[in-house]
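There are two complexes below, and they share subunit A, which is joined by subunit B in the first and by subunit C in the second.
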Partner chain A sequence: MFADALLAGLDLFLTPQSMLLTVLGVVFGLVIGALPGLGPLMGIVLMLPFAVSLPPVAAMGFLIAIAVGGSCGGSVSAILLRIPGTPLAAATLFDGYPMAQKGRAADAIGIAISASALGGLFGGVVLILTAPLLASFASNFAPPEYTMLALTGLIAIAVVSEGSLLKGLITGAIGLLIATIGTDEFSTGYRFTFGIFDMLNGFHIVAIVVGIFAISEMASQVMGGGLNEKPDVKAVRPGFRTVWMTLKHWKNLLRSSTIGAAFGALPGVGGTISSFSAYAVAKALSKPEEGYGAGAEGGVVATESANNATVGGALVPTLALGIPGEAATAVLIGAMLILGFFPGPALFANQPDIAGGVFLVYLFSNVALLFVGILATPVFVWVLKLKKSYLIPVVLLLCAVGTFALQSSVFDLRVMLGFGLLGILLRGAGYPLAPLVIGVILGPLLENNLRRSLLISREGYWIFLDRPVSATLVVINLLLIGGATFVTMRSLRRRRQAPLVARTNDAGR
Partner chain B sequence: MKTILNSAITALALSTGAAAAQDFPQRTIELIYPWGPGNAMAVSQILAKAMSDELGVSVPVISTPGAAGTKAFLTAMNKPADGYTIIDGYVAPLVLQPVLGKADWTYEDFIPLHSAFSNAFALGVRAGEDRWATFEEMMAYCKEHPGELRYTSGSRNNLPHMVTAKALQGYDCVAQNIPYSANAEGMSDLKNGVLDFGIVNVGEFQQAGDQYNILLVLSELPESAEIFGGAASITDLGIDLGLSGLAPMGWDWWMVTKDTPQDRVDVLRDVMAKALARPEVQDKIKALGFVPLKWDYDQYAEIVGPVAGQLEAMGNALKWEEEQLAKQ
Partner chain C sequence: MNITPRQVEWLVIALLVGLVALVFQQAATDMAAQGIAPGGPYDNAAAYPKTVAVVLGLLIAAQAAVQLFGAAPPQDEDGGVPLRKLVRPAALIFIFGLYLGTLPLLGYHVATPLMLGALMVLCGLRRPLAIALPALLVSFGAAYVFEAWLKIVLPGGLFHLNMVW
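Coming up: the complex of A and B.
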């Protein structure tokens, strides 16, 4: 079963285009990950418009390699500058930066890259072993199951979104509303199109993600100031012996990769949570002489292997069910739809070559990460010296050219700018952006499958309880909603009680 | 003197015409395609690639789905009529949507380049279905149990939906149409027994034919029945849909908008005919289950006119289905 898919994908993978683009993706991912503020998601978003014109496996190889490189690149600036390039690398600086202070910057970066690549390969094995199994289990899923899965995705994402639950729910709901724009499949009526033919199919997903993430990020970088600052970094040259240094921590590596891959497969739990968790576990299990927090190699191994294994884990529900776990996989699903293949059980049944090709490009991107990362570290270090005043215009230009090229449509550019503005406003008010994009992707899945289920059903809503898998998912969803409500109520009650205590104290005076 | 002047003018006109034709095309020509990616888009890409080789400029296929194909037409009609935009004129937005009152153009509002492809569809049930062995048995069951059967024709209000509704109407069978945005999802529900029957297209049949039992090929052309493994066709069952030739099938003509300069139209017509005639293009298209069409631009009115007439005359079977379901 696993070997079949891999063999089928070999032809699509073994082309100069697929392999070269995968390597390029790793390089681009490392660069964008190293730059503070830009992460793998931003890398995928920026290259999305260009990728969708490529053959499917080459395009997915390029985008997934960006995710792989980007998940590792953040460690470079965390170690050298004490600024995590991405939140994924925030836990890496606990031990990575002290290592650099002790004059072991090259070792720290080498270990970060080796651990990322090895963790990523572990995630790949998990992906290859579990995704086809999950897909074959899900092959008789029908609209009721997909309705409930879409609901699970939405709830989980709102629950674990950064910041408050309420704000996550609000942006998620905005996403769902945006998803209703266009032609209604069931009545073939037009919704919220205002007589504009460009809106007959809603907004283009690429214009939405580029606007909401990239444009708003650039705006906040401009507002952040320091446009002409040039950080003082010295050249660093890690060697391949750091691979051996990493392998010495093999228990830690296996444990952290397992945490990463498992967390990645859960909706809503991203690489940041897995790297912090893996670090906490590694620290708890370490011996005092290892000196966690003061430059322990194990700390870097734990966080970097975990956050890259997360990518492999996150691809499991993405490919097998078509349900995104977080924003980056939501964008990858958007890309797959534009490329003409629908992630889900049918992909494994009808196009095993594509599924196998995606597995192979994922594995290959981690191998490429090991070699490219270690050999080209001086380049990524040099990139850190780039002034923002050069970087920001280049990124904005890329956004505009890419979005326009999709359908050579000026309307798409306006949509991009509109969502850029929305992104700036939401960021300013402290709302998370990821639930919005997930709402846009899951919205049609939820709405269409719900309405389809009710049309198919001969006894109304009972169809959700008649089918065992759907009924199980109903229970899980209820538990999730119940749990989230309980936690929110408890924190609300605490907040209400606090002023009460203060007031009683005042009265007693 | 007058004749000399006339011929001089003609010569001048011809030479500038030739010069203009040589100048065209200078940049990318876009083919505006009305559906999402899939088998049919792959077929259009094969032909677009061949045209691109002939023209020396790239011819990307721009997928512009939405509103049963009309979004693509509107998009193309809003671009300058300069020959740099070709419309992949599928029957649904070209003929059916105007018939349903959802678009305000007719097929005569476009300049044809050449006919492109046709693809037949068939009505099938999952392999191993033991409730009915033939289409007539299923229809008898349906008549007894109105509104109980569920079927899919992909999206709603498309040609397969209309033709199926018309066929069912003939048997007084009321069934519930379930729309799907992705064909694969609908086919998965059909295979899993969630749906009772569905429209199976050629691509799906070539890929997973053993998982379906084709009950009725919705075409009177013998080659269509052959593509579906020799299953019974509407001719075999003596079903009169009031549709003949291309009318019950999916097909497209490639065309440009009115006011496109004649010399550019000529260049595109010439190149499209050449590209379509290439043996390797023919083979690739046939391998995907599509039939390359042979009609040139001058047969456009002759071929498309009757289809428009028939679709109009067959009455609104979709309306009938809706009304009958509302009564259930």
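Coming up: the complex of A and C.
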């Protein structure tokens, strides 16, 4: 089963275009990951308009390689500047920065890159072994299972998103409503189009994603200040001996990669949680003389291998079920849909060459990361000196031209700006943005399968409890909401009591 | 004058209440007129958005209750963000919006260097050469990638300014 998919994808993968774009994707990912405030999601969002004009496997190779490079790139600024380029690398600075302070910056970066590549390859093996099995299991799913699965994906992401559960669910529901704009697939009636011709097909997913993430991020960066700061970083040149230094921690590497891949497959968990968890486990199992927190190589190995293995794990539900695990994979699903193939069991049954091609580009992107990352580190270090005052205008230009290029449509530009404003407002009020995009992606899947379920059901909504898998998912959804509500209520009660305790203490002094 | 996160939260709540109202208004008017509001799961295209709107309404009510009776967000205790701190992001959005609005009229090759230059000035760059040179280079570089490589015709504007690469 696994070998069949890989062999089928070999023809699509072994083209100069696919391989070159995968390497370019890794380079771009490393650059954008190294720049504080940006990250793999922003990289994928900015390059999405370019990618959708490419052949499917080359396009997916380019975008997945950006995710792979971006997940590792954040470690460069974490190690050299004590500023993680992305939240994924936040745990890397615990030991990476002390290593740099001890004059071992090149070793720290080399180990980070090697651990990322090896962790990513482990995630790739997990992806290749589990995705076809999961797809085969899901091939028996009917509309009720898909309805509940889409709900599980959305609820899990809303629950785990930063901010409150309520706010995550609200942005998820907004996403579901946005997905209903346009022509209804069943009745062919028009919904929320207001007589505007451009709205008959709804809003383009790229315009939404670019607006909500990139435009609002740039506004946030401008507000943050430090636009003309130029950090003083010295050139570093890691060598391939850091691969052996990483392999000396093979137990840690395997354990952390397993944590990363397993967490990645769970909706909403993502690389940040997996890297912190892997670091915590590695530290708990370490000997005192290893000096975790004071420049231990094992600390860098744990966090970096975990966050890159997460990418492979996150691709499992994305490819096998069509359910995104987090915002970046939601955007990847959006790209797949634009490219004309539908992730899920049908992909493995009908287009095994595409599935196999995606597996191979993912593996190759990690191999490329090892070589390109170590050889081109001086370039990524130089990138850290770029001023935001140049970066912000360039990013906004890429947003505008990239979105326009999709359909040569000025309407898409207006949509992008509108979602940018919405993103700024929601960010300002502490609402997470990822559930909105996931709601937009999962909306059609949820609505179509819900209506199909009701069409085939003789007992209305009871159909969701009549089928074992669907009923299990209903229970999981209720547990997720119940558990998150309990945690939210408890933290609200604590927050309300905190000022009271403070006032009582002040009065006692 | 400061703006607090709680005030922004209320602004979002007001916007969302409007969104829920809009769903019901559209279902009762436009969708009903098209004949896609009543019927079973196949014909009734209004039932699903109305269900989502009901769920959204309940979530909004719960969020409003949290805002009314819960503790204030930590930033509120610091007095929030001064309005003058919002001038720069507002100007960024204004310049970008103006660029998008004038792009079909002025064309890519006129509007883009102007937008890039204006944003660089907004970000604090002052040396004319440090603004003009990157603005022109980035603008032409992006045009080359899109027009020559990706074969996308960028807006020529009223003057029909398009490069022949």
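In the analysis below, the second predicted complex is superposed on the first by the 491 of 509 C-alpha atoms of A that agree within 3 Å, B and C clash if a C-alpha of one lies under 4 Å from a C-alpha of the other, contacts with A are read in each partner's own complex, and residues count from 1 in each chain.
Everything below uses one rule, namely that a residue touches a chain if its C-beta (ideal position, glycine included) is under 8 Å from a C-beta of that chain, and two chains touch if they have at least 3 such contacts.
As the structure is a computational prediction, the values presented were derived from the model and not from experiment.
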item	value
Simultaneous placement of subunit C and subunit B on subunit A, clash or fit	fit
Partner chain in contact with A:L455 - subunit B first, subunit C second, else both or neither	both
Partner chain(s) touched by A:F186 [first = subunit B, second = subunit C, both, neither]	both
Cα-centre angle that subunit B and subunit C span when viewed from subunit A, reported as a multiple of 10 degrees	70
Contacts of A:P444 with subunit B and subunit C, given as first, second, both or neither	first
Partner chain in contact with A:G293 - subunit B first, subunit C second, else both or neither	neither
Touched partner set for A:G428, first subunit B, second subunit C, both or neither	second
First (subunit B), second (subunit C), both or neither touched by A:G483	neither
More subunit A residues in contact [subunit B versus subunit C]	C
Partner chain(s) touched by A:L200 [first = subunit B, second = subunit C, both, neither]	first
Which of subunit B and subunit C A:S408 touches, first, second, both or neither	both
Contacts of A:P345 with subunit B and subunit C, given as first, second, both or neither	first
Minimum distance between Cα atoms of subunit B and subunit C in the superposition (Å)	7
Common ground on subunit A, meaning residues reached by subunit C in one complex and by subunit B in the other	53, 186, 190, 408, 452, 455
List of subunit A residues in touch with subunit C within their complex	50, 53, 164, 166-167, 169-170, 173-174, 176-177, 180, 184, 186-187, 189-192, 215, 218-220, 222-223, 227-228, 388-390, 392-394, 396-398, 400-401, 404-405, 408, 410, 413-414, 417, 420-421, 424-426, 428-431, 447, 450-452, 454-455, 492, 495-496, 498-499
Residues of subunit B touching subunit A in the complex	30, 36-38, 41, 60, 62-68, 70-71, 74-75, 78, 102, 148, 150, 155-157, 176, 178-182, 184-185, 187-189, 192, 194-195, 207-208
Parts of subunit A lying in touch with subunit B, wherever the complex brings them together	53, 139-140, 142-143, 182-183, 185-186, 188, 190, 197-198, 200-202, 337-342, 344-346, 350, 407-409, 444, 448, 452, 455-456, 458
Residues of subunit C that touch subunit A when the two form their complex	5, 8-9, 11-12, 15-16, 19, 22-23, 26, 30-31, 34-36, 40-46, 48-49, 52-53, 55-56, 59-60, 62-63, 66, 70-71, 73, 85-86, 88-89, 92-93, 96-97, 99-100, 103-104, 108, 112, 115-116, 119-120, 122-125, 134-135, 138-139, 142, 146, 150, 152-155
